[in-house]
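Report on the following structure.
Per-chain numbering from 1; labels A, B, C, D, E, F, G and H assigned in written order.
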Amino acid sequence: MKRSSILELLAQVERGDLTPDDAAERLATLPFEDLGHTRIDHHRSLRAGLPEVIYSRGKSPEQTAAIFTRLAASGVDVLATHADHAAADLVLAQHPDAQYHALPQLITLRQSSPADTGGRIAVLCAGTSDLPVAEEAAVSAETFGVEVTRLYDVGVAGLHRLLAVNGQLREAHAVIVCAGMEGALPSVVGGLVAVPVIAVPTSVGYGASFGGTAAMLGMLNSCSPNVTVVNIDNGFGAAYVATLIARASAR
Amino acid sequence: MKRSSILELLAQVERGDLTPDDAAERLATLPFEDLGHTRIDHHRSLRAGLPEVIYSRGKSPEQTAAIFTRLAASGVDVLATHADHAAADLVLAQHPDAQYHALPQLITLRQSSPADTGGRIAVLCAGTSDLPVAEEAAVSAETFGVEVTRLYDVGVAGLHRLLAVNGQLREAHAVIVCAGMEGALPSVVGGLVAVPVIAVPTSVGYGASFGGTAAMLGMLNSCSPNVTVVNIDNGFGAAYVATLIARASAR
Amino acid sequence: MKRSSILELLAQVERGDLTPDDAAERLATLPFEDLGHTRIDHHRSLRAGLPEVIYSRGKSPEQTAAIFTRLAASGVDVLATHADHAAADLVLAQHPDAQYHALPQLITLRQSSPADTGGRIAVLCAGTSDLPVAEEAAVSAETFGVEVTRLYDVGVAGLHRLLAVNGQLREAHAVIVCAGMEGALPSVVGGLVAVPVIAVPTSVGYGASFGGTAAMLGMLNSCSPNVTVVNIDNGFGAAYVATLIARASAR
Amino acid sequence: MKRSSILELLAQVERGDLTPDDAAERLATLPFEDLGHTRIDHHRSLRAGLPEVIYSRGKSPEQTAAIFTRLAASGVDVLATHADHAAADLVLAQHPDAQYHALPQLITLRQSSPADTGGRIAVLCAGTSDLPVAEEAAVSAETFGVEVTRLYDVGVAGLHRLLAVNGQLREAHAVIVCAGMEGALPSVVGGLVAVPVIAVPTSVGYGASFGGTAAMLGMLNSCSPNVTVVNIDNGFGAAYVATLIARASAR
Amino acid sequence: MKRSSILELLAQVERGDLTPDDAAERLATLPFEDLGHTRIDHHRSLRAGLPEVIYSRGKSPEQTAAIFTRLAASGVDVLATHADHAAADLVLAQHPDAQYHALPQLITLRQSSPADTGGRIAVLCAGTSDLPVAEEAAVSAETFGVEVTRLYDVGVAGLHRLLAVNGQLREAHAVIVCAGMEGALPSVVGGLVAVPVIAVPTSVGYGASFGGTAAMLGMLNSCSPNVTVVNIDNGFGAAYVATLIARASAR
Amino acid sequence: MKRSSILELLAQVERGDLTPDDAAERLATLPFEDLGHTRIDHHRSLRAGLPEVIYSRGKSPEQTAAIFTRLAASGVDVLATHADHAAADLVLAQHPDAQYHALPQLITLRQSSPADTGGRIAVLCAGTSDLPVAEEAAVSAETFGVEVTRLYDVGVAGLHRLLAVNGQLREAHAVIVCAGMEGALPSVVGGLVAVPVIAVPTSVGYGASFGGTAAMLGMLNSCSPNVTVVNIDNGFGAAYVATLIARASAR
Amino acid sequence: MKRSSILELLAQVERGDLTPDDAAERLATLPFEDLGHTRIDHHRSLRAGLPEVIYSRGKSPEQTAAIFTRLAASGVDVLATHADHAAADLVLAQHPDAQYHALPQLITLRQSSPADTGGRIAVLCAGTSDLPVAEEAAVSAETFGVEVTRLYDVGVAGLHRLLAVNGQLREAHAVIVCAGMEGALPSVVGGLVAVPVIAVPTSVGYGASFGGTAAMLGMLNSCSPNVTVVNIDNGFGAAYVATLIARASAR
Amino acid sequence: MKRSSILELLAQVERGDLTPDDAAERLATLPFEDLGHTRIDHHRSLRAGLPEVIYSRGKSPEQTAAIFTRLAASGVDVLATHADHAAADLVLAQHPDAQYHALPQLITLRQSSPADTGGRIAVLCAGTSDLPVAEEAAVSAETFGVEVTRLYDVGVAGLHRLLAVNGQLREAHAVIVCAGMEGALPSVVGGLVAVPVIAVPTSVGYGASFGGTAAMLGMLNSCSPNVTVVNIDNGFGAAYVATLIARASAR
């Protein structure tokens, strides 16, 4: 709750427009909406200036669509992650302007005029199988108004592929690196750039990859000090942080 | 290796000042020094504009001191992490201007004129036992030329302590949160600020904390999308990334 | 076996109504029924004054229905947990008064007159996806005769949502908190109330949540001393304990 | 922060005794003391009516003593857990009335007149090696004003030892069960009583006990629904919750 | 290979009936049959006097049937474990005398005259869901010619159920205990009998049971010294060992 | 408690020598001694006919000595495991006839006339480093009156060493196999003998042996059906079970 | 990139045929093709002289076919691993000369004249269920031009089966051993041969095999020093390394 | 046992120089020596043509020295690994020609004339802290008669250091790569060379490195198909396999 709102409230008390008792009550009443199953938090969006986001996994298509509609009603951009085809069909039926990205399972709705934040990020992935996660990061960041350079299939076992894109890499304000298996790519990229690298372990692999755990541990132990890590397959989270960095860097 | 150096080299070949054979040789010769046990990489420092860093754990005091001296000779700022008293004594005997920070086990040597980067970060910790890690982050960032606000002992079980520092929190370009045990603090802080939060799990705790693993897993699963994670007790890494963000944000 | 029954038995021996040999035999004969596949334990219900409970997972619908019928025959309230639709259909065909709660997969049959125990608990959950577990807790507790306040979707990343329900929280004799992902909510709630908090890790999340393990470890490491933990997704167990506390507190 | 304080504050604003700006400032100023390294939270004690507690592990003897003195100054009872001999010596030198319990490593200072809460708990342990944890629970609970029945060395491999104390067990408002190795005791005890059982896994054991992990997992999977679990070796936490239950039950 | 065969072979060499070269060749030729995909080991059966056993999981119904037929051809008893309906149908079509046990997924073929070994074992399980594993143990042991007492649903949370069967328990030469969840039953049973207890962790449970791992660790940490453990759900292995013990004890 | 004692008790009631009330009391009074810190269970020894055993780890030398003395007083054989030199010195000072085995850290006191049970076991170990555990098994079994054949340093990487002792192996009623690292030896031995093999994983190894976990998992997954497993380094437990088998087999 | 190419390039600069700027550009341009989703690396094949390989899991049949076609176009041998029937159908429709191996899920296309490298390897597996992995290794190696001796179903519990093939084993330049469950076979084989043994843990097993983890840990802890390990089920990787060894040994 | 020995034996039987009974006895008598605590296996050395090796950890200095002396007596080269100073002092006192390498804790004794095998390997390590393991590999390989190129401190975060040694790397018959932390180096090196890469995870690191587990998992998941893995810190094992490959390649 913003300081200005509190001051406004207290001024009302000072003017006698509000009894202390009512004011105390309002101090506890914060601007979120109760949807029964979900409390929509308009604060976050206001705070960060980023679209509202719905995490669709574990929600019924109906729940996803209801939240989507409520958020869209407030005029902001909307992003739904981990949305399957059933949810997408329902949402797009109600919001013809929304768009479904099948590979990364994202629904996006742009209602604001495209902001030219000037922020630039690069999204890398180690192999073809990492594409869904990389695209979740790339499309999310684009929805957040950031320019994205995609550099895919540049795994460390063929170093020349990575070195060949070194120039493009250097122009980013932040770099997202998605990799499964041994998760070595972020460390190598971290040594090539002077900006933060956000590492996304992917669940790609088999056997001792333990669903992305090997990659995640490798990334947390990175010998490059500019590497931080998000959860396995969390392309959205990486895009969120990279956007915050790129926007601040471009200002 | 910078493109300009390659162009310079190729120009020499063009002018006949250098045979192709010699040029091929030089292309493979890159600017690092071989110290026998260590190859010093002056590149990193040049690239990021940050001090040279020595990771002292697992090195003998003599090795630490030798690398420190070699780095100091190049006139840059130097930072040694995880340096015990024996290493510190040896280094300070040779470098009276260096400073030892016993709690976070850091040796710092400032040789550049203090840069006023304008960057501001906040370092939080959940409890008193997290102080060594928090101080490793804070002192490292200060050595990197960033202004640090320390907000210690603000764990989530006493929420009013955290809410009381909300204002100070909001002024940072990036926030570092150190926490052991359940590692819940970064998620809560992540909900309060609109900048990247770098979470540092600490090995504080016992039993099912498994040396910081519980906190680390909690942070990786954070429901706040602006949270990224570094290795357990890696205050230095958090400071490195926070510095990159703060400097870029302040520019 | 109650002391009174033993005394009764021994009195019969004293009176010569029973030979020592027969008495010895009876001492080993305890009041449970053998259903072939299941030994029904009427003791537990008598002891705690709570309904009989059937754990349906891993049982065939026929087994569930058979046990349900036998328990219902004794006139007590009956609760079946983890009951899928097939089991529910079979049970409700035989017991039209029973009720199926699809979300938490519970079948309830109330045969006693509703007890007004005076006990009040609050059930919180961090996100929409935790609803099935939270409802398992809430409906179970209601079946046990306790008044339940549901406070859903109050995760720590939007602290104002939680603070807004602080008043309702304070009226509970015990609080159940269901949370997946990082499992931070119980620690925060633990700091807000002065009653026991029973934390239920949920399997909600992905990647490094490891099916609820991250949340479980976080809760076990809680820095709030009034937090205890039950198994992942064990809403029923939490309700059982919260009921014992609330009833004793309200007495 | 209590509602009454907020009302008081708002009344001052209404009376013109306080400007809105100053009031806003005060609303953020909460009653904790800043000790440099530690923010003492007098709230918790007020809230729960229990002594102030210091977790001494990871703190220097000087830090422990400083916090102890500050807490004692406010006239409340004080409890320091995980205090080694060095910390105890320093504290007792300054507080001759304090008492050191070497086995469970507790320092206690009673300054209130002994409350007769009427609460009764039982503390059980499976083997002799579990004694330090069991005593941490027992002494903590006694400090909290609860009557404690100690029932030690009653492991499940010799069932008659447990059955022999069944009567004493039945009189408790809550039962704490400390066990290492396979951690089976809480399940068995849970079947014998109709009150909450708080299970404390201990790090007693070797090999596949993995420092108490085996016991902890066993307890979390307990087939007795009245069992909840705290962290490995966390006798204090168990005492805290058992006290809350016993006091409420005895009221 | 038996010493007598070697002596026989060497005698042939001594008599000149066999050249050293041929003898060397034969020494390496051991009595197993090569089926292409499988090398049938008739030795094991001869050695232990137990039926041939086929582990059907991961084999096609055709492979299972082929091995079954080859084994049956030698006139011994045959046992196939983990056989699904498809495999059973194929085998029974070819061997009308074979029998399929659907719950424990066993196919048995008895061709020897029933041996009265005099061996007696007890098979216990903690709950109804453990039945498939318990039956795998019981039927296997019966196929091996041992008398089996089934004592099911005698979990530790209702101790009187277990105590009621104490007498039957005492008559066994070996006891098999199947339990999931916390796996406490073998420790309790171990304290009641003076014979070896073979503990079988089952994958029954959810959440922190981790597919039987919690039960397995509990059993390995048993405080009863007469408990040994086999793999999760390995009822067959438990029956094999219990049979060896019971036959030797009854001799 | 033996049935005969119960009958005796009931007979007293029948004769009027005992009131029902007193009898009820006595039924709960079972034959163990309370030593303050330890409840000595004379039952176990009576039941299995094996010596009393003290687990000394985690006990003070004084506690170990006190229990040892109390047990010795009853005239039975006594065995203390995991006894360090301090405990041994104290015990031997009071019991000159006791014997200390330093390698396996056992104290033994033989007071019964040596029983010739006729039981024979073999104890194998894979490498020299497994000796302490193997000797714990061997000496324990000898104390229990069983004849032990030691076959040490017969690891699977040099198969001829194992094959050379095949004959001795075949004469045992039960075989104990101690192995660290990959824990492969029990499977190989299991294929060579027709008696139960008790596998003892040892904590010998480094890196991915994880303190014996790799060996333990290997043994639990043994493809030889006559293998059961005890806890890491639990030579005593293996000896206990092997003794039960050998004695029953020799009868 | 080969030194000769760099020299060639530099010579062009020297001759004035190429400007330094263009040369700098070319130095970064390396011989791989960009297929949109995949960057084909013709280098690897040239470097090692082995076929191009496609890892098909996680790729759509269309993606697999597209890469296959592009690789085949360059005239080299092609191998696709983890290819399901859908992918195989699509590839074989376009490449009638390609061959599908259903058990190990491999597609092979031989376009070179069969090389007689003279390399010989042996592929062993412990049980019938390990066949798919063993065949992945065997067929891959054959595609690489190596002669393969298959020795299947020679698990350690029937040692004579293994000893019977000892002669064939000794003729290999490298040995691949596939085993699940306890993974003991590589250690035993390692003791029988004087060449490198490549151990492949398979996911065969259940319960505490944890999907091949037990076997993998066992192999990493092998007491035979000539054993190295690849990922669970990675028959292809084992074949790749064994081929490199066999070819070099046969030269 | 070699075939020639068996033929020799059988020939003696044929000639009547040996009775079948004696021959059968001898067939079981294999050429190893029994040292009480250790069975020395002269076979291994003969078989592979490599020195005898003693694993000293867990052995007393006296045991190590005794085995060393017995091995040395047979005239072969001897290597003791994991030998601390105490063991080294004792061995060198008895064998003045032996040499102690303190960093990798190796004792070597060369008694054969130096073999010029022509084999060449490279040993790489990622950082200075990996030196002890790298040296264990390098010195072991040199003792085995292989030429070793040491390329140290070439971690992936400074790629130019690695690229600068590319030429030296290419000349090796096999490459050993030692790395802790994220263990990324073997994958990168695997992409640069066409020979087998043996990856050695080291226990260097902290926090989520879990004593080398993160590096080990990363290496097992390597995307370079020419990488195999040995146990954490097992420099000796890597040297053993690399030697086998290099010798065979150089022949």
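Simple rule for what comes next: contacts are C-beta pairs under 8 Å (C-beta built on N, C-alpha and C of every residue); 3 or more make two chains touch, one makes a residue touch a chain.
Every value quoted in this text rests on a predicted model; they were computed, and no experiment measured them.
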Chains in simultaneous contact with chain E and chain G: F, H
Per Cα centroids, the chain farthest from chain G: D
Reference chain C; chain at largest CA-centroid distance: H
Listed pair (A-D, E-G or D-E) duplicating the A-G contact set, over half by residue number: E-G
Size of the rotation, in steps of 5 degrees, that lays the CA trace of chain C over chain G: 180
Between C-E and A-D, the pair joined by more C-beta contacts: C-E
Geometric centre distance via CA averages, chain D-chain C, whole Å: 25
For chain B paired with chain H, centre-to-centre distance based on mean C-alpha positions, whole Å: 38
Between chain G and chain F, distance of the C-alpha-averaged centres to the nearest whole Å: 49
Of all residues in chain D, the ones touching two or more other chains: 44, 127, 157-158, 191, 207-209, 213, 216, 220-222, 231-232
Chains grouped in pairs wherever the two touch, ordered by label: A-B, A-C, A-D, A-G, A-H, B-C, B-D, B-G, B-H, C-D, C-E, C-F, D-E, D-F, E-F, E-G, E-H, F-G, F-H, G-H
Residue ranges of chain A in contact with chain G within the complex: 127-129, 131, 152-154, 157-158, 160-161, 163-164, 166-167, 204, 206-209
Contact set on chain F toward chain C in their complex: 3, 6-7, 10-11, 13-14, 16, 19-21, 23-24, 27
Footprint of chain F on chain E - complex, ascending: 44, 47-49, 53, 173, 191, 193-196, 198, 216, 220-222, 225-232, 236-238, 240-241, 244-245, 248-249, 251
Contact footprint of chain D on chain F as seen in their complex: 1, 28-30, 32, 37-39, 41, 43-44, 55, 57-59, 63, 201, 203, 211-213, 216, 231-234
Residues of chain H that touch chain A when the two form their complex: 126-127, 155-159, 163, 180-184, 187-188, 190-192, 205, 207-210, 213-215, 217-224
